[in-house]
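Note that the chains take the letters A, B, C and D in the order they are written out, and that residue 1 is the start of every chain.
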Amino acid sequence: MKKRPISLRSKLYRIIFEAETTSGRLFDILLLVLILASVTVVALETVVYLRRSHLALFYKLEWAFTILFTIEYLLRIYSSPKPLKYIFSFFGLVDLISIIPTYISLFIVGAQYLLVVRVLRLLRIARIFKLTHFINEGQVLSRALKASLTKIFVFLGTVLLAVVIIGSLMYMVEGAASGFTSIPKSIYWTIVTLTTVGYGDIAPVTPLGQILASCVMILGYGIIAVPTGIVTVEMSKTDRSMTNTKVCPNCHKEGHVPNASFCYNCGWELNNHNL
Amino acid sequence: MKKRPISLRSKLYRIIFEAETTSGRLFDILLLVLILASVTVVALETVVYLRRSHLALFYKLEWAFTILFTIEYLLRIYSSPKPLKYIFSFFGLVDLISIIPTYISLFIVGAQYLLVVRVLRLLRIARIFKLTHFINEGQVLSRALKASLTKIFVFLGTVLLAVVIIGSLMYMVEGAASGFTSIPKSIYWTIVTLTTVGYGDIAPVTPLGQILASCVMILGYGIIAVPTGIVTVEMSKTDRSMTNTKVCPNCHKEGHVPNASFCYNCGWELNNHNL
Amino acid sequence: MKKRPISLRSKLYRIIFEAETTSGRLFDILLLVLILASVTVVALETVVYLRRSHLALFYKLEWAFTILFTIEYLLRIYSSPKPLKYIFSFFGLVDLISIIPTYISLFIVGAQYLLVVRVLRLLRIARIFKLTHFINEGQVLSRALKASLTKIFVFLGTVLLAVVIIGSLMYMVEGAASGFTSIPKSIYWTIVTLTTVGYGDIAPVTPLGQILASCVMILGYGIIAVPTGIVTVEMSKTDRSMTNTKVCPNCHKEGHVPNASFCYNCGWELNNHNL
Amino acid sequence: MKKRPISLRSKLYRIIFEAETTSGRLFDILLLVLILASVTVVALETVVYLRRSHLALFYKLEWAFTILFTIEYLLRIYSSPKPLKYIFSFFGLVDLISIIPTYISLFIVGAQYLLVVRVLRLLRIARIFKLTHFINEGQVLSRALKASLTKIFVFLGTVLLAVVIIGSLMYMVEGAASGFTSIPKSIYWTIVTLTTVGYGDIAPVTPLGQILASCVMILGYGIIAVPTGIVTVEMSKTDRSMTNTKVCPNCHKEGHVPNASFCYNCGWELNNHNL
């Protein structure tokens, strides 16, 4: 890439939007730290005894972060070649939502807790890792999950049907005295049990209820195998197809080891371009 | 498909039982909405403060749904070419059970909660997705689960033996003071623990009981690998045999190995075009 | 099998020890029912309100089962060609332990609860399924588990090291006030948490403790993947090697579909002996 | 190995640092027992009623172990050919940390609980199993885990983002009255729920909170499939490449595909004997 004299605007663009230059990467790391600090401040502010003792500090920090992010937002609009496209992009909206709540909190108390959406901005930071193998790994994951999605929906649909029926049964068996005060609450209990979370805030007390609950637990314990099986099979396929698409130009065999220089079948030299 | 003048009865059949025409699909979607609404009403009716404030509304809605479903049921009988076969089919019985409880509730209080069986009617709606790939995905799942069933039964049998023995041991170790009031209750606790649900309504308090409980937890944590392994292996096999849809042109068998040149069944040479 | 006149003893042997004749299978099924009934009686006897109201009935049933099993035990010894070998075999000992507690309970109160070991006798009933495919499935499972055992021990060893260290840390962080009254109890809590059981009888209350607990949970949630991965890989290998050991005698290719009559590679007819 | 007269120092080295001679192995087993005993003593000392009744015994045992380990540490330094290298190695530091707390506890009460780090010394004992297949199994595991690490980090990162957002939502939905007293505490609850631990010390009570919690549970129940899938796929690959131990006679590369005829690295023809 040859260096040419560039305008302030495109210089800013390079720093703010890209991560290929040193200053661009520095900016991203600084932003990463600011976002984490800002989200931590929002979270800690909700702790009663901290809020009481450091009210002024939290107030100042919150405004400091908001003003910094507002400046950043304006700079992004300024430096962007197509400002409107940026404003209405996913990240543009996240950036906006990350600063608005503080201004709203001047009028509505409590709105500042919405600031935790700032954590979404971290997604942007994935860019720092762009040049590493993180992207590739992420792709394997997301492809496999996409391929599993239909199967998992079919599975979840069946599970939800079962949950509604079991929940209603438990309501009739246990009744309000055991905490199963309504069918929706029973359904909630069924989900808590089937997913093996098991809070214990509601638990069956009658023998019949406990037998039924045992069946639900064993069911839940068993069917966790289904999504796991789905994802494993898809991940195995994705992994194979992504690491291993080389074909021998001589004998047309596939399935070479990732860094193969020669065909395992005919000994032909492989042009090792794609890895 | 050439259009011919058709009787009202077969027109109704097409709309009610099939989902290939626009009106048929509309009917199914309407039914889907009605079933969901009806199940929601039954569920919400059990919430005490909602029942108190909206008693009349719930009563009216329940009867409205019941009358609608009764009309639908009668239309199904009328339009069906073999009414008896429909009535005693799985869905015919579900349809009947979906309307009876309301009529019974005139005589027996509480019977209307049985109406949640209406949720089973949603299974019929799977038909809407018939033309999509949902069916195929569902088949992969159900085939793999069927193939895993024997192995899972052997596994569950062994686990249940262990549960009975561990449950009795815990009863002797912990005793009634810790909540292990009887062997059946101890068995219930063992299932709660082994499946990693862990309500905490009963928990060991003696050192020996806690050591034993730790073993049960580690066991439960470990053996979840078994059903998962079973299902994953079967799913992987099913997936391979289903995505590999080559059919022998001579004997029409499916399920050839990916790079097959000859049919495994009749020895016919396969035109290996699709790989 | 040609029928020859056989002695009473070998007739009895056939009925009691084998399951190939109709009477032998009938005997096994009867025994299955008796064992299940007997274990159920022992379990129900521990339920306080049942014991109070049906004391005499339980007493009679317990003695009835014990006398029946004693007769069976004596018959086994009588009909066995090598009685001593039977007596000291695994099942011989289980059979003996299944009747002794009742006799001991004449002298020591509570000993009858040991009768639940009768449930081990059910293992013998596996014989009924001998001719079915249950045995084969069971073998796939047990072979895969045996092959996984060393890996799982290495894994469990590492986990136990971690559990001891984390448990001690939590003891120092949380202290007795939160229920972490000693290091052994903290280790118990760590196991409860790591295996995602989570009773909630002990739970961290300090911020630092909750952060540490969060790490333990995420660790436990993640490392469940390890035994699952181990078992799945072994199961997949066992499954492949058991279903698929046929080799084409012409081209020596492996990997034929289970019921193949012809080689997929060269079309050679396979002698289908081993399936 | 031919025997030569050796100095006391190198004799000691062989006994203390190696496990190939009988005395070396005996030393290791003795050390194993001492470490386990010492850690058990530290753990039991924290149990209140045991400490009260056996204070003097615990005190004596602790000092006995410490003096033994101090002697061992000094011997290790003496016999080591490069003492400084040993002192600053991982195990050298662990050995030092394993004895210091007792001496510190003379000045600072409670410091002796740090002695549980002694459990780390058990890692050294892995050497006893050096000649067995444990090492190999451990390698399969650790290689597979290393290969999975990047994918698991990407996964964990995404999960943590979700946990922060869900935690904040739950704080706003449930509020302090239900125990969700702050965002950090809500995040703690989200982790407890997502990992299906479910203590029940904090549980949602409002309908909206319970609906949201249900979603978190189903999410947690589903995404456990992801690390499991990652590890299984990697483990399957590692297992295949390790069990397939063919080495190219020309370039000495390993990891050929199962039916390879030519080396993937140098193209040398492989004598395909072992398949």
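Everything that follows uses one rule, which is that contacts are C-beta pairs under 8 Å (C-beta built on N, C-alpha and C of every residue); 3 or more make two chains touch, one makes a residue touch a chain.
What you see is a predicted model, and the numbers here were worked out from it, not measured in a lab.
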## Note on the structure
So the chain most remote from chain A by C-alpha centre is C
### Message
Which of these, B-D, A-C or A-D, gives back the A-B interface, meaning over half of its contact pairs coincide by residue number?
### Response
A-D
### Query
Looking at chain C with chain D, do both copies bring the same residues to the contact (over half shared) or different ones?
different
### Query
Roughly how many whole angstrom separate the Cα centroids of chain C and chain D?
29
### Task
Please compute the C-alpha centroid of chain A, do the same for chain C, then give the distance between them in whole Å.
40
#### Entry: For chain B, residues that touch 2 or more chains besides their own
184-185, 187, 196-200, 220, 224, 228, 230, 232, 236
### Message
For the complex, give me every residue of chain D touching chain A.
### Response
150-151, 153-155, 161, 164-165, 168, 171-172, 176, 181-185, 187, 193, 196-200, 203, 207, 210-211, 213-214, 217-218, 220-222, 224-226, 228-230, 232-233, 236-237, 255-257, 259-269
### Summary
Note: in the complex, chain A contacts chain C through residues 196-200, 228, 232
### Query
Residues of chain D touching chain C in their complex?
39, 42-44, 46-48, 110, 113, 116-117, 119-120, 122-123, 133-134, 137-138, 140-141, 144-145, 152, 156, 184-185, 187-188, 191-192, 194-201, 220, 224, 227-228, 230-232, 234-236, 239
